[in-house]
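Chains here go by letter, A, B, C and D, matching the order in which they are written, and residues are numbered from 1 within each.
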Amino acid sequence: MIRLVNFGAVAIALFLGAAIDQRSGAAQTPASGGPVNTALIEDLVAANRILAEEGVLDSYGHVSIRHPTNPNRYLISRTLAPGLVSADDIMEFDLDSNPVDPRGRGLALERFIHGEIYKARPDVNAVIHSHSPAAIPFGITQVPMKPVFGAASFLWVGVPVFEVRDVGGPATTMLIRNGSLGKALAATLGEKPVALLRGHGDVVVGPNVQSAVRRAIYTEVNARLQAIAIGIGGPINYISEEEGAARDKMAGGEAEARAWELWKRKAMGK
Amino acid sequence: MIRLVNFGAVAIALFLGAAIDQRSGAAQTPASGGPVNTALIEDLVAANRILAEEGVLDSYGHVSIRHPTNPNRYLISRTLAPGLVSADDIMEFDLDSNPVDPRGRGLALERFIHGEIYKARPDVNAVIHSHSPAAIPFGITQVPMKPVFGAASFLWVGVPVFEVRDVGGPATTMLIRNGSLGKALAATLGEKPVALLRGHGDVVVGPNVQSAVRRAIYTEVNARLQAIAIGIGGPINYISEEEGAARDKMAGGEAEARAWELWKRKAMGK
Amino acid sequence: MIRLVNFGAVAIALFLGAAIDQRSGAAQTPASGGPVNTALIEDLVAANRILAEEGVLDSYGHVSIRHPTNPNRYLISRTLAPGLVSADDIMEFDLDSNPVDPRGRGLALERFIHGEIYKARPDVNAVIHSHSPAAIPFGITQVPMKPVFGAASFLWVGVPVFEVRDVGGPATTMLIRNGSLGKALAATLGEKPVALLRGHGDVVVGPNVQSAVRRAIYTEVNARLQAIAIGIGGPINYISEEEGAARDKMAGGEAEARAWELWKRKAMGK
Amino acid sequence: MIRLVNFGAVAIALFLGAAIDQRSGAAQTPASGGPVNTALIEDLVAANRILAEEGVLDSYGHVSIRHPTNPNRYLISRTLAPGLVSADDIMEFDLDSNPVDPRGRGLALERFIHGEIYKARPDVNAVIHSHSPAAIPFGITQVPMKPVFGAASFLWVGVPVFEVRDVGGPATTMLIRNGSLGKALAATLGEKPVALLRGHGDVVVGPNVQSAVRRAIYTEVNARLQAIAIGIGGPINYISEEEGAARDKMAGGEAEARAWELWKRKAMGK
């Protein structure tokens, strides 16, 4: 049996057996994309916990998934440290990042990163924004981040750096707190899996949440190893474009499940 | 209901239902600033535990808060590793760092750091002194500590380095063990949030204990990331003064609570 | 009493009291090398867990042992993160890396590393393939890995680097997914205990699983220390060939047991 | 009530109520220095566990104390990973490193480090030999280890490097496995608190076990911080000789107890 979670006011009202339309008078509140399989919500919760456990997400940062049946909605936690997120904290938004059912909960300030990437990238079903500590130095120095080992081969397409000053001027708070900045960031990301935000962190995307989590973790690991390699002394023998492209063609399925199983066990204690 | 903790001898005497004035004959013992809300004491205890858990405080270092109703008193643990501090260990001092109610307890040797900063900085209600490991190298080398990512943007005003030799001569123990050294350190700090102590550690201040803790943790993280960036190779694209100033104007409230909640859960196990 | 584990279909059939020959019609399925002492299986499981606990193996990588009574068979986990491996996950293979009793289980993709090394190295009874994080940078830079402290003295014979492009061409996935690549890797390893795989990880071998585990851990530690030494500044006073050779002659027995006991306790929680 | 532990055969015989003199016929077995307060043994056990917990001791290395009532005896664990040592593992030796009561137990191979230092240094009552990971690179490079922060100020007298090739020739195993090498190491140490062993580790001594533990931990921390400072770029403003000498005159008592209490709690789980 598939269990479903309802996010919209109507669905909740039905769930409670109530007939009142709570949306009346709230013209700008978007409708829910419909109920979501609880297993998918559990994966999203696990992704939050895994990335906290593995040191990719600190108290900030967030993970989202696109709504499984309505591509114009996405799911993300209310503002909360990822290490503390539970299923009850997941909220639904439209792609302009308006909440479907706010109920007074705090909204992730930089949720526009997620909405704008989902608009620009139909292939993407999961987005991570983190302060990935080893990645940050590569956003503020002159050495491009490049893949140094196989598990991070997806970086072979290049890792663009988003400079918020180019879009928001010299005196922003650096936060992606509106659709305009989110749209510019999505443009910098282009068709790639990872972009760095100068002096801030990174965004990592994937076709599903397991893939995005794997990429976020191995972006962090790759950054650590690349910095060590630079310290040892070059030239560095990076993963080539041909090797990266060959690996992109491998089905990620089994390998991804193997890592996900371990990470989930460590993060969720089961 | 607000619960209160009494620190002064009179208050304790009343609490015990006794009529004896224990202060008789102890002319130099200052009077207590009055009872303190237990929630505030719990925050001070949590701050000690959090900073130990996050690797900012080792066996030494200390955290204090200004007395909430008497600005001429401050609260700090008896001499004890911060990771072991409980509410019962908190003592009260006047700003010359005389204890209100010593009861034979060991006094933090460098408490003058706290007293003198509270004298000089009416805006400050929490002071942290740590041996923050990543920060120490920036106090003994020639590269100024500067903010490399948003969460440490408060460093944009600059991080002065206190050289104890300039004040105490070439043969001190380097410890801030009297009011004179504490006053000189407070002068070096000036209006800034952080100062480094050469070959020793740092001091971090804030308008409240949550803010000071956040700054102490992100000073440590920033130092780690800046050292890595230097290793990768410059020039480094630091957070600009304009960006730092813009972030200073953001209300810290929600973001600070988000991190505090996670750190407290990790450190206090609940 | 010595307990035995049976891997072959016949042995399992006997164990279940069944008379059906499950091998009929499966001409290419090799016969089992015979039952294996459970203590040896437990050591193989412990090796997986230890290397995960010590940070040498991530979600990938694997450990194998040669079959104790049939040198043409080896034992390795089904595809599974090493930190999750239990005795039930151990499978048996011939040296062409065909499974004795697949039962639909996922096979370690790069198991050819193991089979080909067992063919080439009769002295080897345990093989580890890892993404040892500190070792990877030495496979992509220009400084040879050399022993910097006694516990890693076995590196004195040199650490060759396997370049998959030399064998598989410029566009492989870099994975050792067939016998041909495995054979080339075994040739690069030669008579040595450790070889690096460029942009991938390392292989470590030993006369028994305890020895291979010790070498894998100290290869990782040596890499960390060598990188730090390079950062401090050379020339570096490495372990000499004469010292390395002298240590090779020491009986490893007691010293190895000492470390194994601690590592096992940490990894297995007992 | 003071409880005592007996190490000698006679004492044990008495404890067992037996009258047999087990020493008969074992002319070279030294007599015990007499019973030892169990609290002192507990401190020695705690020292082993603390140094393992803090990452100074790996599976190897050892801690000893001089016998409290007979300066010609010392106490050290049988050969065992320090993280596993209990009171029952402690053995007694004379200063030539002969065991008082072997009972077939494995002897620490490099115990001669301890015996020879106790001979040469009447002021020393505790000796630690470790593979302190951050310290090893300073024994093989060209930058002398010097104190970078107050807690390691005891290094101001200089940290000599013992080169085993100078004494044992080019082809030793590098282990201090006899009195002659131990004596040479003690000579290199001289009157100082710490010496590095090239490509091996360090020795750290103190007037008591708490002091030696504190020095061993802060030698490791100092090495980490000095390596980071070198990476940031010099010249480095080290702790001066005058500052170091001033700190040497401070009573270590209270400060040492403060750290010991925390370390013990972490290591012993109580």
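Everything below uses one rule, namely that a contact is a pair of C-beta atoms (placed from the backbone, for glycine too) under 8 Å apart; a residue touches a chain by one contact, two chains touch by 3 or more.
Not measured: the values here are computed from a predicted model.
S.K.: Quick check on chain C against chain D: do more than half of the interface residue numbers occur in both copies, making it same, or fewer, making it different?
M.R.: Under half of the interface numbering overlaps between copies: different.
S.K.: Just how much do you need to spin chain A so its Cα atoms sit on those of chain C, in degrees to the nearest 5?
M.R.: The rotation relating chain A to chain C comes to 90 degrees.
S.K.: Which chain lies the greatest distance away from chain B when centres are computed from Cα atoms alone?
M.R.: Using the mean of the C-alpha atoms as each chain's centre, the farthest one from chain B is C.
S.K.: How many angstrom lie between the CA centroids of chain B and chain D, rounded to a whole number?
M.R.: Roughly 35 Å separates the two chain centres.
S.K.: What whole-Å value do you get for the distance between chain A and chain D if each is reduced to the mean of its CA atoms?
M.R.: Distance between chain centres, rounded to whole Å: 50 Å.
S.K.: Among the residues of chain C, which ones contact at least 2 other chains?
M.R.: Expected reply: 231.
S.K.: Write out all the pairs of touching chains, ordered by chain label.
M.R.: Those chain pairs which touch are A-B, A-C, B-D, C-D.
S.K.: Quick one: which bits of chain B touch chain D in the complex? Just the residue numbers, please.
M.R.: Residues 58-60, 79-81, 83-84, 106, 109, 131, 133-134, 136-143, 165, 170-175, 198-201, 227, 230-231 of chain B touch chain D in their complex.
S.K.: Under the touch definition given earlier, write down the residues of chain D that touch chain B in their complex.
M.R.: Residue list for chain D touching chain B: 147-151, 153, 221, 224-225, 228-229, 231-240, 242-243, 245-247, 250, 254-255, 258-259, 261-263, 265-266.
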